[in-house]
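Shown next, in C-alpha cells, is the structure this report addresses.
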Amino acid sequence: SGGRDDGKADSDSGGGNAAGSSGYTVAFVTHETPGDTFWDKVRAGAEQAAKDTGVTLKYSNDPDAAKQAQLIQSAVDAKVSGIATTLVTPDALAGAVKSAGTAGIPVVGLNAGIDQYQKLGALMYFGSDESLAGTSVGKRIAAQGVKHPLCVIHQTGSVALEARCAGVKSAVPGTENIQVNGADDSAVTTTLQAKLAQDKSIDYVVALNAQVALDAINAKQQSSSTAKVSTFDLNPEIAKRIKDGQVEFAIDQQPYVQGYLAVSSLYLYLKNGNDIGGGKPVLTGPSFVDSANIEKILPFTEKNTR
Amino acid sequence: MTDTLADHADRALRRGEPLVELIGVGKSYGPIRALRDVDLVAAAGEVTCVLGDNGAGKSTLIKIISGLHPHTAGTMRVDRVERSFGSPREALDLGIATVYQDLAVVPLMEVWRNFFLGSELVAGRYPLAGMRIREMRRIADQELRKMGIAVADINQPIGTLSGGQRQCVAIARAVYFGARVLILDEPTAALGVKQSGVVLKYIAAARDAGLAVVFITHNPQHAYLVGDHFVILKLGAAVLDARRGTVTLDELTTQMAGGDELAELARELDRR
Amino acid sequence: MTDTLADHADRALRRGEPLVELIGVGKSYGPIRALRDVDLVAAAGEVTCVLGDNGAGKSTLIKIISGLHPHTAGTMRVDRVERSFGSPREALDLGIATVYQDLAVVPLMEVWRNFFLGSELVAGRYPLAGMRIREMRRIADQELRKMGIAVADINQPIGTLSGGQRQCVAIARAVYFGARVLILDEPTAALGVKQSGVVLKYIAAARDAGLAVVFITHNPQHAYLVGDHFVILKLGAAVLDARRGTVTLDELTTQMAGGDELAELARELDRR
Amino acid sequence: MRRSLRLLARPEAGALAAALVIFVFFLVVAPSFRSMAAFCTVLYQSSTIGIVAVGVGLLMIGGEFDLSAGVITISAGLVNSMFCWYLGVNLWAGALLSLAFCLLVGFLNGWLVMRTGIPSFLVTLGTFFVLQGANLGVTKLVTGSVSSRDISAIDGFTSLQKVFAWSFPLGAATVWITVLWWALFVALAAWTLQRARIGNWIYAVGGAADSARAVGVPVVRTKIGLFMTVSFLGWFVGMHLLYRFNTLQAGNGVGNEFLYIIAAVVGGTLLTGGFGNAFGVAIGAFIFGTTSLGIVYAGWDPNWFKAFLGVMLLLAVLVNTYVRRLSSAPAPAAPAAGPPVPVPAASGKEG
Amino acid sequence: MRRSLRLLARPEAGALAAALVIFVFFLVVAPSFRSMAAFCTVLYQSSTIGIVAVGVGLLMIGGEFDLSAGVITISAGLVNSMFCWYLGVNLWAGALLSLAFCLLVGFLNGWLVMRTGIPSFLVTLGTFFVLQGANLGVTKLVTGSVSSRDISAIDGFTSLQKVFAWSFPLGAATVWITVLWWALFVALAAWTLQRARIGNWIYAVGGAADSARAVGVPVVRTKIGLFMTVSFLGWFVGMHLLYRFNTLQAGNGVGNEFLYIIAAVVGGTLLTGGFGNAFGVAIGAFIFGTTSLGIVYAGWDPNWFKAFLGVMLLLAVLVNTYVRRLSSAPAPAAPAAGPPVPVPAASGKEG
C-alpha cells in the first residue's frame, strides 16, 4: 500500500493533435537548472500546448546566461518557426534574440524579463514578475506582524532568486538572506537549523522552492523554532503541508500556464497573426495557495500541472 | 642466512631437475624486438648466469619468467608444464621470486610493508584479518641485518633509504619468499664489496638448498664465483651458452666486452 | 670522445687548482645524520674517488656539491668562494655537472629532450625562440654512439630504454655539459664491461682535459684505474683519505669490505 | 613500539590540529556555536559527507578518483523509491535491489578503468553524467515529475528508517544514527588500512601500481573493490536521504563528489595516491562541516559565504601542513622547490 | 625525420579520430546540424571553452591543476565592469587593471603552491571559493544586485568590443573573433610545447619535477608561469563575455573549471602530468562543444541530456584510446593490469 495509485497514472492522455501535425517547430529555451520542479511544470505546460496545437517542441535549458544565448542561437541556426525563451538576463540574451529577429523568427518571452521584453524585440510576454511576487509575499507576512524573515537562496548568484528576496525585503526591511546548497537536502536542513539557532529572532522562513520549504520544516522542528514557513512554487508534498498547516501558504506563478501560453501564443501568431495581451505583458501570477483554496488545487498538483 | 633459505625452500626439489625451461622464446615491444629465439634452463640446485651488454634483453628475459610480460614467441615450461603467465602472482604461486632491476618497491610505504607486500602474514583467513605486524617487523629487520644492513628505522618509508639499502630490501624479500626459483636482475649493481659478498653467499646458499637461481650481472667475476651455467645475450639473441668448466673467466670477460677492446682499455687506462 | 670534453672544458683550468672544497661538512635529514664532518677537495685535472658501504652517505655528499640539498654544517667553497647552493641550477652555472644515482631523467620525455633538458640549444634569445631540434637530435645520437649505445630511436621515451641505456644517457649528458667539475654517482653500476670501460675512459679524458672529477663507485678496481685521491666514508664520516701511491688496491678493497671478511668470502665461495 | 605509534599517529595529527584550531575559532566568534545541539548538527552534517568520503579517501589512496560518488547517492534512493512505489512492493526489496545496482555501477567503473586503461577521472565522469541524466529521465518517466513520490506509507518504511535515519534526543540536541555509522565505517577503514592485508595492497596500488603488480598484489581486484566500496557507501547515504526526507529530487547530489574529494585531501590524502589515512579523511569531513556551518552560526554575511569557506579551508590546510612538517621533521626542504625525497607530506608531483 | 613526424603526430591522432566520429554522427542524426551556421556556432561554443582549456592543458602537462580558472573569467569581467562603472573611467583602464588583477591571482596560486608544498588542487580550490564569494559580495556591495551594470555606454566600449567580441557574417553563419583568437592561442601553445625551450621545461616539471630540478630546470618559475598563463586566458575569456553580453552575472563561471579539465583530458592530457598536446586539448574542447550542442540540434530530450553527454564523452575517449593504441603499437599490455612500462597512452597511476 502507499505506492502508485494505478487509477490515475496516465492523466494527460486524451485526444488532440499528434505533435508536428501543424508543421510548426517551436524552440523553448529556459534558464532551468536541471531537475527543478518549477521548470518541470513549465515544460509540462509547453508540451501540452504543443500537443494541443500540433507543434513540434524543442525544449532546451541552461542556467548560464552565455550558454542560454547559445541555445537561442542554435535554434536560429536550426531555422525553427518560433522561439519562446525566458529573459532572466536580458542584456546577455539581447544579441541572440536580435539575431532571431533578423532571421525573421518570432520570439515570445516568459517567466522573467517583464520590463525588457519589448526592448529586446520579443512579441509577447507571459509570466509574473519575480520582485512583484516577492513584494506580495512581503506584504502578506508584514501584515501578520513578521519582523525578521529569512529568505533562503538555494542557488548562488541567481538573478531570479535574488529578485524575489529583494521583493520580500522591500516590504519587510528586516529580511535577511541566506545561501544554502540546494543540491543536498541534508545540507539545506542543517544550514537552516544552524541559522535558526544562531538568530532566535527569526520569525519567518521564506523558501524559494518547494523542497527547500520541506527542509525548512525539518530544520524548524530540529531547532524548536517557532518561525512560520511559506514558499514559492508548489509540489504535492507542499500541498499536503499547506493542508495540514505546516506551511502557511505558497505563492504560485502558475508555471504550467506560462509554458502553455508561450507555445500556444506562438502557434496562434504563426497561424493567425494573433497578438495576445495586446502589446502588454500577460500576468500568470502571483496567486496565493493557502488553506482556503488548497482543497481545489491539491488534485492538480498531483497531476504536475500546478 | 642459510636457515632462512632452508626453512622456506621446497623440500621436494631434486638437484638437476629443470624447473624453468625456455625454448626459442622471443619478445617484441611493438616494433622493437627485444628478444629472439632464446633457450634457457634453470635447474634445481644450479645457478644460471645471464650476461650481456646494455639493452641486450636480459631484463626482458627475466620479466617473461617472472610473469611481468607474456612472451610473444616460443614456449616456456615450468615444472615441465607449458605456461604463459598472465600476472606475476601466477609465477609467485609457483615459487618463483624475483628481484627486479628497477626494484619494484613502493617508495611511500614503510620498509617492512614493502618487504611483505603481496605475501603478508595474517592472523586468520577471513577478509579483514589483522596482519601479524610485530612479527613482520621483526622478520624484515632480521633479514636485513643478515645482509649487513641496519636501517635506522624499519618503519621509515623505503623511498628515504639509499639506493643500495633499497636493493638489499628487494633481495632479502626475494630470498625470503623464493621457494623454488630465485631470479635476480643485477642484484649487486648498487652494492658495495661487502654487501655484494653477502648476496653472492645467498646465491650459493640458495643453490645449496636446491633452488634454481637465475642470476643476471655485468660482473663476470661475480658470475664466475657462483655460476654453473653461463648464457651471454647480444642484441636479444644468445651468443654463448656454456656450462661451468667449458669456459674460463677470461673467455667470459672477453666475450662480454667484445674481444680485444678490454685489453686495449686496460692498456689505455693503465697509469702505473 | 676527448673532442667533446676538450670542446666544452673551461680553458682557464689549471691542474691542481682546487675547484670544490668541503670543510667539515655535515648533513642531517631531520633526526637522521647522514653525513658528519667530511673534508673533500676536488681539484682540476684530478679524479677524487669516494667509496663506502651502502648508506654511508656518498650520494648525500654529492647532492650537496651539486646543489640538490643544502648542507647543514661546515662550509663548502667553490673556486675559493664560500657557497651554499639554493638549487642545482646554481651549481650547473658554475660548470658543475652531475650524474645522479637515481638518474634524474623524465621517463615520458624523448631521449634527446632528456639529454638537453635544462640546457637546450635555442635559435635566439627571445622567450619563445625555437629550439635547434635537428642539431640536438644529432648531438644526442652522436654522444650516445660514442658510448657504444645505439638506441633504436632517439625519439623514444627514455622510460622505454633499458636500465643501462638510461645510465648512458645520463652520463653522456653530464660529460657533455660538464665544463669544470664532473660528478658521477655510481655511473658504472648498471653497465656492462664494455660500457664501463667507455665510462672510465671518459673519466680519464675529463681529467686530462683539466676537469675536476668526483667519482663514486663500489668497485675498487674501477676506482683504482682512474683515481688520484681516495676517500672512504663509513656511517657518514670519512675513515680514509689518501692520495694515489700512499694506498694500494688491496688496501682499498680491504678497507671497503671491512677487513678479513672478504678473504673469508673468497674462501667460502671458492669452488675450484 | 613507542616510535611506531608516533609514526602511525602522524598523518592525521596535522588534520586534527587544524580541526581543533577551526573548532575553537568558531567557539570564540560564534556564541550560538557553543552548545551540544550545535555540535550534534555539525557532526550530522559531517557524517553525511564523511561516510562517502571515507570510501573516496580509500579509493584515492588506491590512486583513483570517483566523480560519480555524489549522484550515486541519489540514484540509490531513486531506484529504491521508484521501484517500490511503482510496483507497490516492500521497501526492503527495493533497498536490496538498489544495493545491487550500486555495486554494479561501482564494479563497472572499476572494470572499465582497469580494462581500457582510461583514467578513472574520465570513466567516472562518464558515469556521473549518465547517472545524472538517468536520474532525471527515469524519474520523469516513472513518476511524471522530477522528484520521487512519498514512500512513507509503503511497507518496511519504519524498519528501514530505524536503520538508516534514526535519531534520538540527547538533552536539547539530536543525535543521528548516521554519526554512529560514520564512526563505524571510519574505524573499519582505519583497521583495514593499518592492520589488514588489503590495506597494504591499497597503499601499494596507489603508490606504485606496477611495482605492486610485480610482487604479486592483485591490482585489478583491489581497485575494483575500492570502486565498489565507494558505491556501497554512496548507497548507504542514499538510503539515509530517502528514509529521512521520504522524497528525493532527481537533480540533487551533483557537486557532492567534490566535497568528498575535498574532505579526503584536506585530511591529508595525497591526490596522486599512495598516502593517506581514514581518520584524516574523517577529520577532513569534520573540518568541512564545521566550517560551512560555523560561518552560519557566526552569522557572517551570506554573500561572502564562499569567500569565508575558501579562506578557512586554506587555513586548515596550512595548519595541517605545518603541524605535519613539525611532527615528522623531514629534510629541511630546499627553498621553494619542495622536498626532493618522497617524504609524503609534500611530495609527488604536487610538491 | 619521417619516423619522428609520425611520433609527433601521435598524441592528437586519437582525439582527432574521436572528434570526427562524433561530428559525423551528429551530421547523420541531426538535420539542422548540417549547416555552416551550426558549424560556426559549435566552433564559437568550443572556443569559449577552448581558450582557457589551452592554458589549463599546459598547466596539467606541467603537473598542476587550477580550479579557479572558471570563476576567474567572471572576476576579470566584474573588475573591469564595476571599476569603470563606479568611477566612470575609460574601459581600457579597467581592462588593464583587470589584467593585472588576474595575473596577480595566477601568481599567488603558483607562489602558494610552490612555497607551501600544498597540492595545487587545494590551493586553487581555496582561490576558487574566495573568488566566487568575492564576486558575489563585491558585486552586491557595488551595484546592489547580483549582476554588473550595463557598460555599453562607457568610453572605450566599441574598441574593446572589436578586440574581444567582434563577429562577422559568413553567408548565413556568424564567425566570432574568439574562434580566431582560439586558433592563435592553440598555435602558440603548440609551438611552445614542441619547439620552445619552455615547452621542454613544462613537460619536465610535470613528468618528474625532482629530476627536472636536478638538471637545472627552473621548476618554480615554470610552474608559476603556467598558473599565470591560465589566469591570462581566463581574463581573455572574461573580456569576451563582458564585451559580448555587456553585463555579467556574479554567480556564473562556476563549473567551467571542470569543462576545461575535461577538454584537456579528453584531448589526451595525462591527469598526472608530463604528457599531452595543445592540439589535443583544442580537439577535446571541440568534442565537448560538438557533443553538447549536437544533442540540442538533434532535439533529444533535455532530461536525458547529461546521460547522452556522458555516453558521448566515454565514446570519444574510447575511440581516442583505441586509435592511439593502434598508431603507437605499444607493448601488448598484460591482461587487464595495464602496460607496465611508461608508454604514455595509458600509463601512470591511472593505467
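Order as written gives the chain letters A, B, C, D and E; numbering starts at 1 within each chain.
Everything below uses one rule, namely that a residue touches a chain if its C-beta (ideal position, glycine included) is under 8 Å from a C-beta of that chain, and two chains touch if they have at least 3 such contacts.
Predicted, not measured: the structure shown is a model, and the values here were computed from it.
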Intersection of the contact lists for chain A and chain D: E
Most heavily contacting chain pair (counted by C-beta pairs in contact): D-E
Furthest chain, CA centroid comparison against chain C: A
Computed distance of Cα centres, chain E from chain A, in Å: 33
For chain C paired with chain D, centre-to-centre distance based on mean C-alpha positions, whole Å: 48
Centroid distance [mean C-alpha coordinates] between chain E and chain D, Å: 28
Between chain D and chain B, distance of the C-alpha-averaged centres to the nearest whole Å: 42
For chain B, residues contacting two or more additional chains: 29, 68, 87, 160
Shared interface positions of chain E, touching two or more other chains: 132, 136, 210, 213-214, 270, 274, 303, 305-306, 334, 337, 340-341
Chain A: positions in contact with at least two other chains: 34, 156
Interface residues, chain A side, partner chain E - complex: 34, 58-61, 64-67, 69-71, 73-74, 76-79, 89, 91-92, 94-95, 99, 155-159, 162, 166
In the complex with chain B, residue positions of chain D that touch it: 3-4, 7, 188, 191-192, 195-198, 200-201, 203-204, 207-208, 210-218, 270, 274-275, 341-344, 347
Residues of chain E touching chain D in the complex: 63-64, 113-123, 125-134, 136-137, 140, 206, 209-210, 213-214, 219-220, 261-262, 265-266, 270-274, 301, 303-311, 313-314, 317-318, 321, 333-334, 336-340, 345-346, 349-351
Touching residues on chain C, where the partner in the complex is chain B: 29, 32, 51-56, 59, 101-102, 149, 151-152, 160-165, 167-168, 186, 189-197, 200-201, 204, 218, 220, 225-226, 253, 256-258, 261-262, 265, 268-271
Complex contacts: residues of chain A adjacent to chain D: 1-4, 11, 33-37, 40, 153, 156, 177-179, 181-187, 190-191, 193-195, 197-199, 211, 214-215, 218, 222-224, 235-237, 303-304
